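Naming follows writing order (A, B, C, D, E, F, G and H), and every chain is counted from residue 1.
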Amino acid sequence: MTAEEITKMLKHVRRGKVSVEEAVDRLRNLPYEDLGYAKIDHHRSLRQGFPEVILARGKDPAQLEGIVRGMLARKHNILITRADSDLYDRIRKLDRRAAFHKLSGAITIVRDRKIRGKGQVLVVSAGTSDIPVAEEALVTAETMGNKVQSLYDVGVAGIHRLLGESRHLRGARVIIVVAGMEGALPSVVAGMVAVPVIAVPTSVGYGASFRGIAALLGMLNTCASNVAVVNIDNGFGAGYMASVINRL
Amino acid sequence: MTAEEITKMLKHVRRGKVSVEEAVDRLRNLPYEDLGYAKIDHHRSLRQGFPEVILARGKDPAQLEGIVRGMLARKHNILITRADSDLYDRIRKLDRRAAFHKLSGAITIVRDRKIRGKGQVLVVSAGTSDIPVAEEALVTAETMGNKVQSLYDVGVAGIHRLLGESRHLRGARVIIVVAGMEGALPSVVAGMVAVPVIAVPTSVGYGASFRGIAALLGMLNTCASNVAVVNIDNGFGAGYMASVINRL
Amino acid sequence: MTAEEITKMLKHVRRGKVSVEEAVDRLRNLPYEDLGYAKIDHHRSLRQGFPEVILARGKDPAQLEGIVRGMLARKHNILITRADSDLYDRIRKLDRRAAFHKLSGAITIVRDRKIRGKGQVLVVSAGTSDIPVAEEALVTAETMGNKVQSLYDVGVAGIHRLLGESRHLRGARVIIVVAGMEGALPSVVAGMVAVPVIAVPTSVGYGASFRGIAALLGMLNTCASNVAVVNIDNGFGAGYMASVINRL
Amino acid sequence: MTAEEITKMLKHVRRGKVSVEEAVDRLRNLPYEDLGYAKIDHHRSLRQGFPEVILARGKDPAQLEGIVRGMLARKHNILITRADSDLYDRIRKLDRRAAFHKLSGAITIVRDRKIRGKGQVLVVSAGTSDIPVAEEALVTAETMGNKVQSLYDVGVAGIHRLLGESRHLRGARVIIVVAGMEGALPSVVAGMVAVPVIAVPTSVGYGASFRGIAALLGMLNTCASNVAVVNIDNGFGAGYMASVINRL
Amino acid sequence: MTAEEITKMLKHVRRGKVSVEEAVDRLRNLPYEDLGYAKIDHHRSLRQGFPEVILARGKDPAQLEGIVRGMLARKHNILITRADSDLYDRIRKLDRRAAFHKLSGAITIVRDRKIRGKGQVLVVSAGTSDIPVAEEALVTAETMGNKVQSLYDVGVAGIHRLLGESRHLRGARVIIVVAGMEGALPSVVAGMVAVPVIAVPTSVGYGASFRGIAALLGMLNTCASNVAVVNIDNGFGAGYMASVINRL
Amino acid sequence: MTAEEITKMLKHVRRGKVSVEEAVDRLRNLPYEDLGYAKIDHHRSLRQGFPEVILARGKDPAQLEGIVRGMLARKHNILITRADSDLYDRIRKLDRRAAFHKLSGAITIVRDRKIRGKGQVLVVSAGTSDIPVAEEALVTAETMGNKVQSLYDVGVAGIHRLLGESRHLRGARVIIVVAGMEGALPSVVAGMVAVPVIAVPTSVGYGASFRGIAALLGMLNTCASNVAVVNIDNGFGAGYMASVINRL
Amino acid sequence: MTAEEITKMLKHVRRGKVSVEEAVDRLRNLPYEDLGYAKIDHHRSLRQGFPEVILARGKDPAQLEGIVRGMLARKHNILITRADSDLYDRIRKLDRRAAFHKLSGAITIVRDRKIRGKGQVLVVSAGTSDIPVAEEALVTAETMGNKVQSLYDVGVAGIHRLLGESRHLRGARVIIVVAGMEGALPSVVAGMVAVPVIAVPTSVGYGASFRGIAALLGMLNTCASNVAVVNIDNGFGAGYMASVINRL
Amino acid sequence: MTAEEITKMLKHVRRGKVSVEEAVDRLRNLPYEDLGYAKIDHHRSLRQGFPEVILARGKDPAQLEGIVRGMLARKHNILITRADSDLYDRIRKLDRRAAFHKLSGAITIVRDRKIRGKGQVLVVSAGTSDIPVAEEALVTAETMGNKVQSLYDVGVAGIHRLLGESRHLRGARVIIVVAGMEGALPSVVAGMVAVPVIAVPTSVGYGASFRGIAALLGMLNTCASNVAVVNIDNGFGAGYMASVINRL
């Protein structure tokens, strides 16, 4: 309810077109239905091009099927993260457009293919074991209406491979860098470009990698200034953040 | 050296205008002087509107004065972080435009006031003790050519104060949220807007805050998806990252 | 044995009604049978309305059945935490009143429905994955004779949902807040009420949530002062503590 | 603004006693001025018997003096934590009732001596080095209108001293237990009573006490169920929480 | 080779009964065969009453059977820790005296029943889940020739039960205290006696017990001075250390 | 009060020699004055040869002087740990027998020189920086009536020096091993002897020694079984524990 | 492309033998194909005697078979780490020379048996459970063309066994020391030799070994100076590093 | 005593030139004076070119002067680490050749300038704040008889600077890489060369660098295989280890 709408309603009250009781009732719902911040409530699904997102892990297939069925009544893209092929078999029966992204375990139902990101989102990763997280970021960014590109297996111990791809780096508007172990790749990449870099530590590694802590600390201590970090293995968060930036 | 310049030089070689020796010499310097990625070398200071930055802590005043003197020969804005009023007295003698930002300990010499950021950078902080870090972010963003605004003392235990300022939140293109203790503010702010939020944990707190670890973990585990995190107390990094995003 | 009883006995000694030997014997047992603090021994089961509690995890079904059989001879409510449906099948055969609380894995046998808590205990939780712990707190408080109410899925990244329920918050005498990930909800809730808030961190989350440490630290560092914290995933402890407070 | 007040205002609108413009204006301010949760804003200082609290550490004396001067215009008790005798000299000049609590470093200006807590708040501590934190809890509870009592130097390695004081324990309505090193005292105390116990770990100790972590973990893992924990050295928080409970 | 044997050999050299070459050869092997410290090599199995010990976990049954078969050729007691009933079935076929201690998973073959410890070793434990570790300590001490006694389920939250058993505590020459969760029991016990207390933290607990770290830190920070600590869950080590002390 | 004394008193009651009132009075004080465990109260100072101990750190000189003055009225040895030469100057004025142990910062007043330990307590240390802690252990054991010996600077990286002293090792009844950095020395020493070894980690080292954690973990994970550990830098505790063992 | 080759090409340009376009093309590829550092790209497989290495864990057998098939077309030794006997069955069908090293789970296909290391690489380990990691180091060093020797089960608690083998230690040019638990062995070994020691912590142990952290910290804090450390359980890395040193 | 010397002595025994008593006496001292490993004792100072090393921190100037005076009687190089200019003034009076290395705080007295290392030791560092540690490594390697070279300020966020220096990298026989913050430089350097890389984490950084832990973990998790790590800030250890390798 905008100030104008309230003004209008109050005029109706004055004119007797709306009863006092009804007006009170409408106003009572106001704080969490109509005030500015109330719009937040549905902002993820209501704003153009934001997908509806479900984390599959820890939910049972029937429950998930029910949620998706509800979502299909609306028109947004649907993104299910951390799923498996069994769930995919169920979902495909609901909508033929469902696609399974095996590497990341994501299922997408893309119904709105409009490109809303202004540039390209590039996903860079260090080792082959980082690819599941990298792909989750990629699929997320794509489902949210971005042109995406990937550049994998360019770890810092073979730095010339990365340098050989500097053209790709310079073509991106936002870069997501996914790395486990020592987590050094975001620093190197960020030093080569002037765009924002979202760093994603992965739990890849063993021993003193402490399931991603080493990579996380490495990224937080980056000597490059155009880097910010998301949680360990949080490919979805990186893809989402990159999309939000790429729409600016 | 662009491909065109190389072509031109080679034509000169063919025509005898440039000797083979000289051409070899020029090419030898090529990998780290003229190739695409070589431009990175000076990118911070050479690109328009990026300030020259010095971390004062751990350097002696005479040394710092020398560095600044050198920088004054160029035309960029100058940002000195974690300085004090003694250093300011020295610097002001070098350039009357020098300003001391007491709360953050930053010194700036602004010579280029062009606004390059496309929108407003808003810096939000939770408690009064977070202000030094928040101010460092603010000064950094401003020195890098952004319109900036601050919104302080809006901690989550008095959530209505934040809600009362939701209009300010919605006016920003990039938001920096600075918080110590439990580090919950970025989640709340990010849930109220659709723009990127850069979260800065501070070492404010005592006991189980572990000098910022509690806030850092809180921010990494945010349930909002439009948040990415920088290092503890890294106001400069947040201001820089926000500036890079705001120029997109 | 009170001072009066001792006096009485000594008079009997003087009068020869009680032999010296018998008096010595009685006094010898005194420290751990009759002194005030000895009453603590059975205080959980003997005091009105305190349930007999068994932690099922790590005990075998037959052993548990035996314990419950023993408890049924007394009249208290019985609460079995972290159980499963198999155990429930066994227990139901012992007493038809047994109920299985699927979400938390708790089994209750309620034989005493007297309400002893003076007000309402409200259990608030952030995400759907926190519900098992929240339900354990709820069932515990209910079995201990409290009016209980729940308010789930009101995380801080959608703060208006919580605000929309502020009436519920204000109706409670003690509030339990259950949250994983960044653990920020207790601070927000505590800032909206003037009653005690018991915070329960959960091990929900991944990566840098470190199985509940992030949430725990967040809660310990709360900027609200009417908050105290129990162990990670300790729904039972929170429900018990809330009940103890609600009887005051 | 209650629903009744809104109804009344709308009737005035209908009758023309209040203009539409004025009604819109009043309603616009409503979300953060008049709705229920808006009352939270000033709840600490406005509600009866809640003191105005200042953390002195990190603020300069002149600034603190200014804050206190402002508070003196109102009528609440004033509590300054972590202060020193220099600050006290300044404050005493502002108000002769100012008292300095040397052990905890707290300064109080008590202007409202009404007892609001329904029972006694007992503060128990293990060693002499825990006393500063214990005293902070004690002074806080007293300033908030509670009858308070202390029981110090009753560590678990001399358990009979604690047992000898069991009468004091049983006389309390809420107990605060302050302990460093292994943090075992809250478990023992809680096992002897049926009232809520607020546990405060202190940073007292050396080596593997890790500045209070050992005590904190000990308290979180208590085998007693009527215990909840606040942050390391947070005597103020414990005193506040105990007061909130004692008013129920 | 003792000094006397060397003297004897050298006399033989002088008399020509032993050739220089042979003497050199014998002396060459001397440092690790005959010097004092070389006796250490076999000290565990060769010294009277020390059992031969095998840690079963991580070894396969056939391999274990082979090792035991070899040990049976000698005459010491045999102790196999962390075994299971399957292994027991195999071992019993080798020697009828084999006994399986179900609670701790230990298998013993006792062939030497001589009591070598001068007093009684008492094993105290806090909760029922600590019993496997307590039993491992008990069986170890018994197999090493000590009179042993146990006192279980005397946690600090029910301190009077422990006090009721103070006579048992005072009858012991060495006490082992096993506790998980907050690990407070050793402090309390040590405060009640004047003999050495060996504290064993267990990994029992959840959440912030961090698999025994809370208990370990609690024990290291004990305020009693007659306590020393062994590794988490190390019942064997505690039993061994207590035996070494009890033989003094 | 023993059972016999109680019997005697009750007979007096019967005979009218003691009034009922007086008997009640005596019995009332019984739980913490006369029962078995009550003896614990003063056990440190009352039992023969146990010194009275004060930790100087954190107490002011005048306060310490007062405590010592009180102790001098009794006849026990006095041990002040972590003191300095200023305090020593004060204490020497109280009693000429006071001695200052510069290396450890301990002050002793030895008035009872009776040897109560049955064998020798040997203190072994790895590096010169471990000596303050080693000396604290040595002085403690000596003040408690033990024959003591030290063996310093025998670190594991020069293992032959230790081997050359194996005779000293074998002459001890209890061994205290003090080591920082990797904390490996207790394992090596314990493997060479059959007596109990008390291991003391020190905070000596830098970087990844984490102020003694590395040494502490090393000692807890020792592959020798006749080792138990006390807190980091806790020389006093080790000396006390060794004394308790050496009296058995 | 060396400077000479560039000179030659430029002469051809001058003489018209190479067109300007072609020259530009060749130069464009220069930075990552021909410059010195570009040789790094293939350095592992191309340099003499370096094996091609695959980490089997986390890859599926068919994929691994494909990779090996590709490698067989070249002539280097092949090393597959962390494999199992099932994979071995597949690989043996591809090449009869495949060998399975059961203890470490490594598979090797050795086609180049030339010894390239100048001396002997000795692998020392503390306990039997460290052998898998030790063997991985051994197999790696051997496959890379080194003479290797092993010395197992020489833990520090039986130091004379190690001393008895000092001849073996002195025969090595590089020593790898593998140890879990307290990780003390590298210090002792390094103190006995003058050659470089590579220390490998293992995750062997329980309780406070924290899956190798205790051993890692022990090794980092070694009091010997000829020691450097690799990651927990990283037998491969130690074998590789030792080989690189042994070729110098 | 070599085997030959023993043979000789035994022949003397046979011939009666040496009495049996004297021979026994000599042999008794044998294990720690003459056997092979006994040579270790003095190996640091006695072997050619190994300096005598003193850690100044924590020792007083007079004590240090005394130690150096003693060392001057021998002929080795002397290295004092972590010293200051005051100490230097004292030392210079003892020997005019003393040099103070201001950046690292090292003092050297070089009396033996023979080059013993076979190649060049290169010290690479990331930031200017890492230089003190880098210089300590450099000075150590130089004092131990190596040709040394340094390459500073080549952090990974400006990777082209490092690439521009690849020639220097390829000229080294052993490389020491010193880095704080994310500790990524060793991985990049090691990927560019085929020689051993010794990585030294520094405590440079703030916030989540945790005084060098981030860098340490980064280095332990390096994806390059020719890297091993020493303790945080341990420049001396790295220089020593590099020297040991460079002599092979």
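Convention: a residue touches a chain if its C-beta (ideal position, glycine included) is under 8 Å from a C-beta of that chain, and two chains touch if they have at least 3 such contacts.
In this text, all values refer to a predicted model and were calculated from it rather than measured experimentally.
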Open item on the list: Just to be sure I understand the contacts, which chains border both chain E and chain B?
Closed with: C, D, G, H
Open item on the list: Interface check for copies chain A and chain G. Shared numbers divided by all numbers used: above half gives same, below half gives different; which is it?
Closed with: different
Open item on the list: Need the most distant chain from chain A, centre defined as the mean of C-alpha atoms.
Closed with: F
Open item on the list: Let me spell it out: compute each chain's centre from its C-alpha atoms, then which one is farthest from chain D's centre?
Closed with: G
Open item on the list: Just the number, please: Cα centre separation of chain F and chain G in whole Å.
Closed with: 50
Open item on the list: Report the inter-centroid distance (CA atoms only) between chain D and chain G in whole Å.
Closed with: 60
Open item on the list: Centroid from C-alpha atoms only, then distance chain A to chain E, rounded to Å. What do you get?
Closed with: 56
- [ ] Would you please write down the residue numbers of chain H that are in contact with two or more other chains?
- [x] 31, 37, 40, 158-159, 163, 191-192, 207-209, 213, 216, 220-221, 231-232
- [ ] All pairs of touching chains, please: list them by chain label.
- [x] A-B, A-C, A-D, A-G, A-H, B-C, B-D, B-G, B-H, C-D, C-E, C-F, D-E, D-F, E-F, E-G, E-H, F-G, F-H, G-H
TODO: Mind listing the chain E positions that touch chain F in their complex?
DONE: 36-37, 40, 43, 47, 118-119, 163, 166-167, 170, 173-174, 191-196, 198, 216, 220-221, 225-232, 236-238, 240-241, 244-246, 248
- [ ] Quick one: which bits of chain A touch chain C in the complex? Just the residue numbers, please.
- [x] 31-32, 35, 37-38, 40-41, 58, 201, 203, 212-213, 216, 231-234
Open item on the list: Using the touch definition from the top, list the residues of chain C that touch chain B in their complex.
Closed with: 126-127, 155-159, 163, 180-184, 187-188, 190-192, 205, 207-210, 213-215, 217-224
Open item on the list: Could you list, by residue number, the parts of chain E that touch chain H in their complex?
Closed with: 3, 6-7, 10-11, 13-14, 16, 20-21, 23-24, 27-28, 30-31, 35
Open item on the list: Could you list, by residue number, the parts of chain H that touch chain B in their complex?
Closed with: 129, 158-161, 163-164, 206-209
